[in-house]
Amino acid sequence: MDYQSVIARIYEEVKPYWGQGKTADYIPALASVDPRQLGISVATNDGALYAVGDTDVDFSIQSISKVFTLVMVARHLGDSLWKSVGREPSGNPFNSLVQLEYENGIPRNPFINAGALVITDRLISLYPKPKEAILEFVRGLAGNDDIYFDHSVARSERENADRNLALAHFMKSFGNIENDVETVVDVYCHQCAIGMNCTDLANAFRVFSHRGVNPFTGERILTASQTKRIGAIMATCGFYDESGDFAFRVGLPGKSGVGGGIAAYMPGKLSIAVWSPELNAYGNSVAGIEALERFTTGINSSIF
Amino acid sequence: MDYQSVIARIYEEVKPYWGQGKTADYIPALASVDPRQLGISVATNDGALYAVGDTDVDFSIQSISKVFTLVMVARHLGDSLWKSVGREPSGNPFNSLVQLEYENGIPRNPFINAGALVITDRLISLYPKPKEAILEFVRGLAGNDDIYFDHSVARSERENADRNLALAHFMKSFGNIENDVETVVDVYCHQCAIGMNCTDLANAFRVFSHRGVNPFTGERILTASQTKRIGAIMATCGFYDESGDFAFRVGLPGKSGVGGGIAAYMPGKLSIAVWSPELNAYGNSVAGIEALERFTTGINSSIF
Amino acid sequence: MDYQSVIARIYEEVKPYWGQGKTADYIPALASVDPRQLGISVATNDGALYAVGDTDVDFSIQSISKVFTLVMVARHLGDSLWKSVGREPSGNPFNSLVQLEYENGIPRNPFINAGALVITDRLISLYPKPKEAILEFVRGLAGNDDIYFDHSVARSERENADRNLALAHFMKSFGNIENDVETVVDVYCHQCAIGMNCTDLANAFRVFSHRGVNPFTGERILTASQTKRIGAIMATCGFYDESGDFAFRVGLPGKSGVGGGIAAYMPGKLSIAVWSPELNAYGNSVAGIEALERFTTGINSSIF
Amino acid sequence: MDYQSVIARIYEEVKPYWGQGKTADYIPALASVDPRQLGISVATNDGALYAVGDTDVDFSIQSISKVFTLVMVARHLGDSLWKSVGREPSGNPFNSLVQLEYENGIPRNPFINAGALVITDRLISLYPKPKEAILEFVRGLAGNDDIYFDHSVARSERENADRNLALAHFMKSFGNIENDVETVVDVYCHQCAIGMNCTDLANAFRVFSHRGVNPFTGERILTASQTKRIGAIMATCGFYDESGDFAFRVGLPGKSGVGGGIAAYMPGKLSIAVWSPELNAYGNSVAGIEALERFTTGINSSIF
């Protein structure tokens, strides 16, 4: 498969979608990003890397970080984790607080904000220096020590964190947050503010296409079974209230972020990261989803 | 892969789960089924068939029929269908009427009852003799002309159809049902009352593992792309409010019914049907899910 | 108190509100009513009657009929009634089906549609000829045998009854409807289609201002305690999701209908009916609420 | 009317209800109150005071304080207040966060916690020393300068304030909290911790039965119209999700608190305070509601 020409063609086809979405506007640091950027990086399991467009521009990975913290916690806690957070799609756009109330403070899955806050809370209980641990872990997966916290983004997130503070206090009222709420939200704001580029992200997702092994170090991060299971959560819950649509159109496990990034993978074959800052109404990258749909059509392959 | 010994072992391992669930009790015809039955049939893409247990006992396929009617309608209506019914997981156990109200009569997906009623309604608009058409279609997929409507089940369903009548009238009040409500519910009660056995069902799901082609006749029923997309809906929405958990534990696209049947498939490889009447709290077969989890673990393969 | 001049002044003050609402448009029979009409009738406990404007024009009382059927059922069933229907405000505009689902088919109160259908269902169980009984009862309260069912309105309601059919089937699935759903909805459509005028309505509400006694006949319809209690339900639930606002602005127990009528009363003092067809977003008469607010301000009296 | 003998009889009749509820247990300071206490104080508009039982024992007024802060804010802000908080009953026990989410951070009414936090927030904007202002205001209404903040209760509330912090942060995320969340919740915890006795409370509610005038000082606190309107909110929203039932059974505007107190009044006639610590499932005093139902029956008077 000539991946380079596939993604090069897709890059040209998808550029016309610029202007159809808008960048995240809830914090200035994200709103001010140049919207007309697009990068596509593909990392195949034979070690090759293909890239086109703005693949060396760092961006804020935002919710994609939820996958990394989930891995960090799941490998330590095992199945006991699933008593504190579910693994079902959340189902409706109003879910966050509503569902928490009906379901006694147990978030539906680790990729909605409430669930990610529980994961970060448990990570804080596990790691004495949680922020450092997260950064080190992501650097290790991506094989790049230059990955960093964008502190201006983190600060901006923290100043606009009322909704996340509400979620964390609410869950704490149900006994489902162990640590201090301010600390949990602070760490969470930092993980969302991780800056890295498309190629870093495709590399970091190799651990999934390699069924749990970090190919750079040979270290087994997750068992094959754990990898499959986290993949299943990505496939059913990775794209907010557009997860079903993403499965329908693209058919890969993956995760998006409001910074415009999307990371996905084909088990045993390849990982792929796409970045373009303009979002659709669900908070997913317009050009990113278009590119991924064309990619699985172009290589005639999906998990389905 | 020695599928026969894999499923024979699973059959023995799963039998001890008898007694942990209970048969559907909302209609007498289902409540009176002998609960201690278990059948597993596997149909591989090379044409082989493996079976163990009660695989020649007919049962009521119930919601599994929703897959067949979806195929019948989707191949005719194409993308326009998705204006009337979504393809997102429904998210919570109270969803049916609640979500319909919030979302103006558009059901979340074709596998919740509301969505299936819309599909059946459109099928009635497409086929002059809808019941006959459904039966003929399922017989053709399964390669078995003995498949039938269990009229006592259908009648019993019809007598206990208040919830479905409520759903259909509610959607009609939003303009999302085209035909007479009584007719829609009558056809729906019949499709749920289709009687067939595990082996029939594994055979009928070959169309999915064969990426849209009926291997018995060579007829293309769906395009490869349509097949992938219907598979994605099964993977995200096929198991009521346990869909995420099924993806997590089993990792195959599939569909369950309250008759105790589950049909699933591995794209390009095989289809599998499991039947055991006792259900868990979500309405899915206890032994069926256990068997499928062991199957994907046993053959070390899932879509993830 | 010179009631005649009070309501004459209010009539002039409120006429400028014409044009700020719109007539109910879900059935042609209501949509076609001349919107620029306004009638105000006051019946004081000393037997006097004051009227201004279009008080002799018959209109469709719609939901105001729910008060009359409640009285008919409550006097027979006593407290056992409150196991099947609550007496709490419903709280949100989406409540009907949502709350029924969360609360197992028990409607919040007898003045939301679901609750009124339960009341009508019980009335059918109590009276062999329910439609005739309702008409006779209302005629007796109002002291006017010319009150009638507007059959064209009833037919039109019946043809647009999908939402009410959904509610009734849904409650029947919870076991909270005793009779045939079609029959219940048919009777309900007739009670809503009662045609009477403002003066009839003010007269019919004398039973409440007279604390349970029909002053025309001297017959005790309700005990004083039952009267207080039904008044309490009117005060907290009588105006859909605007009940709190009506209490805040007007401060009288009462009931509105989408035909544009409102009936209310001051215990021990007077009853009042106002009619003007244009409705606000909550389904209450714009001019009617304005008139009643001015009335309680003008006579410097409310229940608060 | 011989109020003294009425309440003396009620006191004896209601004591047998001890043991049917339980004291609030979410903070130790409330859980440890001796449950078997009951006080009833009646203050008539001619200046008389009647008392029976434990009417000189101080208790924590909790949510009854919401009435006092509402008065403090409403008299300054007028109708503009109702853009930030509604005046409709909240409708369901899960309402707090659910409804806030559906209704964009505007609480349903000032007596649910969310609404009371908005009121306290505005009070902080209006008064430089909000805690002192609240205490001074309540002392002035009750004519008793010994009324105090129970600091151990306030501290205990503050330590268990996660739910209220969640509400306040959530509303702040919608822009409906002006001040620092911690400050708002701190003041709120103090107002709930006001310690006063039944007689103080009956005296403090004289301002309502006197239609807005503080009879001790002659000062007009609210206009007659404002008084009626705040009374309407008490009547429709004063008893959490039991407000309709309270109107049905008792028929007086009033407000309850989880400390076991209830204050109510009959416009132009009297105010009444009842206190007994054991609560029913809705958080209202079991003996308190029984006593008030018997009181309005005994004196044959309610607002309805």
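Annotations for the structure displayed:
First chain written, first letter: the chains are A, B, C and D, and each begins at residue 1.
Please note the rule applied: a residue touches a chain if its C-beta (ideal position, glycine included) is under 8 Å from a C-beta of that chain, and two chains touch if they have at least 3 such contacts.
Model, not experiment: these values are computed from the prediction.
Under the touch definition stated at the top, chain B and chain C share no contacting partner at all. The most distant chain from chain A, with centres taken as the mean of CA atoms, is C.
Centre-to-centre spacing of chain C and chain D amounts to 32 Å, using the average Cα coordinate of each chain. Between chain A and chain D, the centres computed from C-alpha atoms are 47 Å apart. Chain A and chain C have CA centres that are 55 Å apart.
In chain C, 94, 102 are the positions where the chain touches two or more neighbouring chains simultaneously. Contact annotation for chain pairs lists A-B, A-D, B-C, C-D, with touch applied as defined. Every residue of chain B that touches chain C in the complex is listed here, in rising order: 94, 96-98, 100-102, 162-163, 165-170, 172-173, 181.
Of all the residues in chain D, the ones that touch chain C in their complex are 86-92, 94-95, 99, 102, 108-109, 224-225, 227-229, 231-233, 235-237, 241-245, 247-249, 251, 253, 267, 297, 300, 302-304.
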